[in-house]
Amino acid sequence: MRQDKLIVAGREFRSRLVVGTGKYPDLELTQRAVRASGAEIITVAIRRSNIGQNPHEPNLLDVIPPDEFTLLPNTAGCFNAQDAVRTCQLARELLDGHDLVKLEVLGDARTLYPDIPATLEAAKRLVADGFHVMVYTNDDPVAARRLEELGCVAVMPLAAPIGSGLGIQNRYNILTIVENAGIPVLVDAGVGTASDAAIAMELGCDGVLMNTAIAGAKDPVLMASAMRQAVAAGREAFLAGRIQKKRFAEASSPLEGRFF
Amino acid sequence: MRQDKLIVAGREFRSRLVVGTGKYPDLELTQRAVRASGAEIITVAIRRSNIGQNPHEPNLLDVIPPDEFTLLPNTAGCFNAQDAVRTCQLARELLDGHDLVKLEVLGDARTLYPDIPATLEAAKRLVADGFHVMVYTNDDPVAARRLEELGCVAVMPLAAPIGSGLGIQNRYNILTIVENAGIPVLVDAGVGTASDAAIAMELGCDGVLMNTAIAGAKDPVLMASAMRQAVAAGREAFLAGRIQKKRFAEASSPLEGRFF
Amino acid sequence: MRQDKLIVAGREFRSRLVVGTGKYPDLELTQRAVRASGAEIITVAIRRSNIGQNPHEPNLLDVIPPDEFTLLPNTAGCFNAQDAVRTCQLARELLDGHDLVKLEVLGDARTLYPDIPATLEAAKRLVADGFHVMVYTNDDPVAARRLEELGCVAVMPLAAPIGSGLGIQNRYNILTIVENAGIPVLVDAGVGTASDAAIAMELGCDGVLMNTAIAGAKDPVLMASAMRQAVAAGREAFLAGRIQKKRFAEASSPLEGRFF
Amino acid sequence: MRQDKLIVAGREFRSRLVVGTGKYPDLELTQRAVRASGAEIITVAIRRSNIGQNPHEPNLLDVIPPDEFTLLPNTAGCFNAQDAVRTCQLARELLDGHDLVKLEVLGDARTLYPDIPATLEAAKRLVADGFHVMVYTNDDPVAARRLEELGCVAVMPLAAPIGSGLGIQNRYNILTIVENAGIPVLVDAGVGTASDAAIAMELGCDGVLMNTAIAGAKDPVLMASAMRQAVAAGREAFLAGRIQKKRFAEASSPLEGRFF
């Protein structure tokens, strides 16, 4: 398995788990959970985190040093294309030209689902401006393909609403996105527990992004360790080629054409 | 996590994954998959495996040395209590008094579901005869409790039919069995992929037993590794305390009382 | 569809919905809900209902006249074979030799799951005593077949715990029971809403029994009407032969061998 | 229930089932199935059906008379906004000014999922041109709300890919669309059997549209009857107020916060 790497925008990663830094009570726990997760890409909500904007407050980069981790600034909290583009540009300035970003343009404060037309527009502008765009999207295969055509470097369909912990609601859509994609597909949002992450990987996804599932667990550091292993387990199961489902060991009873 | 041990009949185990040795093309692959799984308890179908009955044929114990692994002789292929009891007694003789066995009394050649009345009878006789009985059962909480009352050291409810790979069909039943049990509960049969194993552990099971899911995978050694990590991931997620499911991050919308 | 009849113990019924009479605030609502359900077989908990035992109290038979409905006395509340047998005998006396009964022997006050060994014993004794026994059981195909072999006239596997409203938890088991059975199979317990009843019928069941789902609805009479139509809809869909499931309209993409 | 009407664009309907006319071997069977369904709104693929364009061929309107049914011309087969708009205009001419249409702009020939940006554009133009637009969309709540804001008279989210028969894949999304909507929501596409239709109605949808599930059944006329009753059953169950799901009859064990 030594050769199995996630490659995004030409960068290579051993870990296929991407984690966020929100919702922790303090930076010390943030750091411990991040390290336990084994994640190499750490996403940071530019509008909610201090990565240097406020020089006199604790700086996230002190516990997530950019020379050790790949930072992934995200546009959480942006509800239109213009805000999202500006947020990415601000991140690039703060991070000395860092051009890998996670775009999200929200369409709804309740569901936190993306606004697809605005996401398409922002993606277009960011790509034109030289960014490498990983993009949060819904689980619509048509939207995912459109975002790839615009030049995004990874598509990140939601499993379920952000912070819901419901797990993958529509496996067929995620599978179709994976089948169609020529770029990495990472499930983003909605993972609640370890098996959810394993399922995403078993569907053939290239990675999983999560924040609440770890930060909101009773023991975030232990849950981070669980997620690290779940992503690895799901990836290996995918590569190992699972047995076919059948109703019985010996029977050749097909599962198709049944009422379920 | 160093303290988290599976304890069965007074024996302590670090691994919560129990694997079988059937369906491999040769003993060399059996050994490699078993080692990759990290399992410490290895179940052996006495009626189908050579552990010394046939002195001139390859002996399974050469690749699964009893001083390194805990062997768990099982009664696969027995369709009545008498056969199952005798098979356990034969195993005890062949293994120099080894008294930890896995009882299964099948009720049906198609489903390979247990015959519960015959299982109860065999369990009673084996316990009286000094065996430590881990027992394959269906997912009926009443049967599971009865088997515990008879003195079994672990109950092993099926997730789905043996060899089906369908995963846990009735999570509520498994959860109820776990809640009721004073002895270890290991899901046995029906696991198909890594996430299935993780789900079993997240429900609070003490372990998972599988054979076909590993031996029947395209790459059994890699799948064994996946399962090792999936069981650990599910266990840690269970201990870490997952976030509650909710429809949306902010909303307090309850999930109950809905049509699903 | 005029010819499609449910036949139990030689009696013919147009309706495939069996309803209970418990949990209603008064007999008037009981009657209205029963009539709206279109049910012809009405099950009555002998230990909880007055069908003549208490001459000075309201008699259920006044609103469910035995010349219009087929009464199905049941042994709800019995936790051993002896009590169940005696309850059936009492019912037969009260109902002038009526010999069609629904046997349930409970194994657990929390789950209300059946005690299978005790159910087998009671069934044997009731059959020997001349009863026509419809029997509540768990969803174990082996137990269901055994009960048929003992001479029961219908098997009634649970969908989920009595009163839970969870719907069918293990469709494979119900399907297997249906495939194996030479006598009618009626899902009993756990139905929560109309689609649950339709699903049971689509699996090939011969009928559905429910009480709480109707009596506990906000509008029991309207829910009874919903259930009447749902059972008919599910039955017709089963007979009509549904389309095969496939991932896409045109594609021949198989559903098997996937991770779900 | 006499008062329970579906109201679309000011027109009242007793039936909440909308059916298509494609995939039947002949017009006679089309007519019989349509009548058995009880549907009052019949959708017609303008690009595939003869409603007068070819005067010398059998005319669909002979078996679906416009004075008896409400025709709903649809734009099946259109892959861009321009084609869809023109198809609606053609339908209006052929049908003497009939302005109720079903818009679909496809984004993908494999999934037949909608192209949301093109659907938004076409909806805008059709509304401006005086059409009453019922619109096929994916199950994204943000897209559904946007289409309502543009002036559509009904949103029609897919349950699963057209012709797949998979049933509702994401109940949460359909529920959210229903909760948000001020106009009727009809599930469109993906229904396979009667229970799927009932589930859609139990989620609070105002109606269901289907074609393949009926036309592709072994007995389309019987399946049409099943669907008629399933939609009615689901609607009544929704209005009747189902019991809450719980793990056990007596227990107050909550379902939330579990691993499933």
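Read from first to last, the chains carry the letters A, B, C and D; within each, the first residue is number 1.
The rule is short, and it goes like this: contacts are C-beta pairs under 8 Å (C-beta built on N, C-alpha and C of every residue); 3 or more make two chains touch, one makes a residue touch a chain.
Keep in mind that what you see is a predicted model, and the values were worked out from it rather than measured.
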{"item": "Chain copies touching (chain C, chain D) - same or different residues, decided at half shared", "value": "same"}
{"item": "Farthest chain (mean CA position) relative to chain A", "value": "C"}
{"item": "Comparison of A-D and A-B (more C-beta pairs in contact)", "value": "A-B"}
{"item": "Distance from the mean Cα position of chain D to that of chain B, given in whole angstrom", "value": "47"}
{"item": "Where chain A and chain B are represented by their mean Cα positions, the distance between them in whole Å", "value": "34"}
{"item": "Rounded Å distance between chain A and chain D, as computed from the means of their C-alpha atoms", "value": "34"}
{"item": "Residues within chain D bordering two or more other chains", "value": "111, 161, 166, 172, 176, 193, 195, 199, 202, 242, 244-247, 259"}
{"item": "Partner chain A, residues of chain B touching it in the complex", "value": "1, 109-112, 161-166, 192-195, 198-199, 202, 212-213, 216-220, 222-223, 225-230, 232-237, 239-251"}
{"item": "Complex contact set, residues of chain B against chain C", "value": "107-108, 111, 113-117, 120, 138, 140-143, 145-146, 160-161, 166, 169-170, 172-173, 176, 193, 195, 259"}
